[in-house]
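Next up: some structures, all given as structure tokens.
One chain, chain A, appears in both complexes that follow, with chain B as partner in the first and chain C in the second.
Let's look at the complex of A and B:
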């Protein structure tokens, strides 16, 4: 049977659409593609709300099921799952409205807000690690920031996912420390040009080629960014003495001002007494 | 103009039980695996040679035929390493090496006597690279074979109406409305929706099956599927 170019394109499209006949969902449009499958917007006809439907190949169903069991504020909740007539698996989940991280930080976003997002992402990844799941493909395009500032880590990877250049760790077999690398790459991406050297050092340490030279796990990385936020010395950077002094000054500004005021008053009293 | 060819044949059998290419090679004669490969790859190889080397229709057919014959003689499948590349890429590179050698040998013989090249206007008819043409023809042939499988399946299981509705809607440039199709066949619109969904689903299964027959295993199959579906 002969097939023209336009019919070929049409067939490639329609044959890949999920057949949701017999489910409560009505397909709308494709909204994304990831390592695990294609995501569509759909309408839940029973509850009258819009949802996201992720279609996963049958061979990845086992891994997808483990990922679907992750319950965390920064991981998109799954409402329901099922099997399509062609054996592909579908997951109905919350339809996240917001902006992708790379688009979100293109606007005017403070350093504190950037670090807050990194922390949310890191907490979700650390939680997943405790359940034996690694992300494998952390990158700005897989993080969504909702309209109320909520952060979601999307597109949790499976064995077959290869990662994305620039964010993927160099080792061939990915493990938890590969996510540490990707989180470091994400931090580097989030940092503005004028970022403090301590934060750059944290990103550099997380992205070391040798996995054993990186942070041992995600919480260790987050603790170091936390130290920076608290005005403490970070583990990743041996700072010069003048920088330490400056940081001491910033951290103890109120105390130093009080001390200066005390010395000033004392001096004034001494001066008046000797008039 | 580009002349078409029927060499390579059509297979009408529903291929739901095809095993992977490597399995077929290890458990049966190489010629069986080659039949599958020829059915899917004859036209892509033929068009690739025409575009890459500017050969005329007959020379391209001869070169394509020679390539598949030598593939059998040289045990092409035994040297395929799925860790290095997909079978599709491996085959295209093998064709390129083979055709380049044969083509330059033929040109040496004809030097001074005027080797035959495609007329310039035919060469300029497309801006696609030979590799793009190969990929496109591969997809086209995969769907052509899968459509043959679907049609045979519908005929075998008394689902001719399913195929007629699918053909009228998905295999034509101007798609009639569901209402018009329902009226034309004397069924409800929901029947049209359901029949179309069934046919598309079955077509997908036919494509998967054909693809499984020419890939090394599940990993390569999944990779090819990801590239194939829009």
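Let's look at the complex of A and C:
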């Protein structure tokens, strides 16, 4: 009997699907694929809700335990984990509906919104650091922006991950400052062409080759971006005097207008009186 | 520095500067010392109210509105009790008073530390 190529392809596809028999989940569709595993949308038949199921090799079973330690609004919560009949490991997590960061910012997104996303990502990474977890592979493809603006950082702290070129710190042994580097690279990625030099300087400082020349930790980086947002001088950039003057003018525009109004009123009253 | 102190300090300074402009008018030049003291007190009262407001509400817009309103009110109270060439100098006192109040309102919002919210406080 001859079997057509399309039937063979179909059989290969079905054979590669995870066998969720014996679990409470019913497979729907594949939603993502990476070096560390495949993510499917599935239905939790007991609770009647949709979830995401990630299937990974048994050697990466620790990933679920790592993420389970991280209860944070910007980290996707793990519901359950288990082992499939073929010894692969699965874990069920919240199904995030939204767009990947690289696709999200392809639209017209304001600088303030870009910095908000960076802050949310940074807060999640800073929180993970307090739990002794480093991300290791921070990049736009691992950040999701939900339909209500919520931000999720995905694919946490797997030892086997080597990072992604352009976002991975150059040092061979990754630590917290490597995440500072990646966050700086993420900031650089988020900045539009017309971005202010102060923000570019923050990204550059975070991405220095020498880890000790970077920000000591993620909160320090976020404080500097916060200073920029508040109209203050940033630590990473020694601005020229004219820029400082311009920043003062922008930050205190209302006061300068009031001073001008005061002087104008006084002159007007003085000259009206002498008419 | 807390916001009430910011209000008092800037109320004092701006009030004194505003009062000092009386020196440019020959009829009030001899009274400039008293006018500066009165204007400083008025500025400090506006600063106190603006600082108290800024500790509770962090809004540049409303800070300016509150400062300008009380600056105008106190300037009116001064003008209604004052006469210059047989008339009340409403315009000469109330217009700068309004602007100085707005400046004090701005400064109390922008400078100083806001009140700490206590645990369990609504």
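Keep this in mind: the second predicted complex is superposed on the first by the 249 of 275 C-alpha atoms of A that agree within 3 Å, B and C clash if a C-alpha of one lies under 4 Å from a C-alpha of the other, contacts with A are read in each partner's own complex, and residues count from 1 in each chain.
By definition in this document, a residue touches a chain if its C-beta (ideal position, glycine included) is under 8 Å from a C-beta of that chain, and two chains touch if they have at least 3 such contacts.
Being a predicted model, the structure only gives us computed values, none of them experimental.
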Handout entry: Contacts of A:45 with chain B and chain C, given as first, second, both or neither
Key = neither
Exercise for the section: In the overlay, answer first, second, both or neither for which of chain B and chain C A:255 touches. Expected result: second
Practice task
Kindly classify A:85 by the partners it touches after superposition: chain B alone (first), chain C alone (second), both, or neither?
Solution key: first
Exercise for the section: Kindly classify A:21 by the partners it touches after superposition: chain B alone (first), chain C alone (second), both, or neither? Expected result: first
Exercise for the section: Considering only the touch criterion stated at the top, classify A:106 as touching first (chain B), second (chain C), both, or neither. Expected result: neither
Exercise for the section: Tell me which partner A:213 touches in the superposition: chain B (first), chain C (second), both or neither. Expected result: neither
Exercise for the section: For A:245, decide between first (touching chain B), second (touching chain C), both and neither. Expected result: neither
Practice task
Could you look at A:10 and tell me whether it touches chain B, chain C, both or neither (first, second, both, neither)?
Solution key: first
Practice task
Would you mind checking which one, chain B or chain C, touches more residues on chain A?
Solution key: B
Exercise for the section: Would you check which partner chain A:265 touches, where first means chain B only, second means chain C only, and both and neither mean what they say? Expected result: second
Practice task
Show which residues of chain A lie in contact with chain C when the two form their complex.
Solution key: 252, 254-255, 258-259, 261-262, 265-266, 269-270, 273
Handout entry: Complex interface listing, chain B residues touching chain A
Key = 136, 139-140, 143-144, 147-148, 151, 170-173, 193-194, 197, 200-201, 203-205, 207, 218-219, 222, 225, 228-230
Fill in the blank from the handout: Listed in rising order, chain A residues that touch chain B in their complex are 1-17, 19, 21, 38, 57, 59, 85-86, 160
Handout entry: chain C residues touching chain A - in the complex, by the definition given at the top
Key = 21, 24-25, 60, 64, 91-92, 95-96, 99-100, 102-103, 106-107, 110
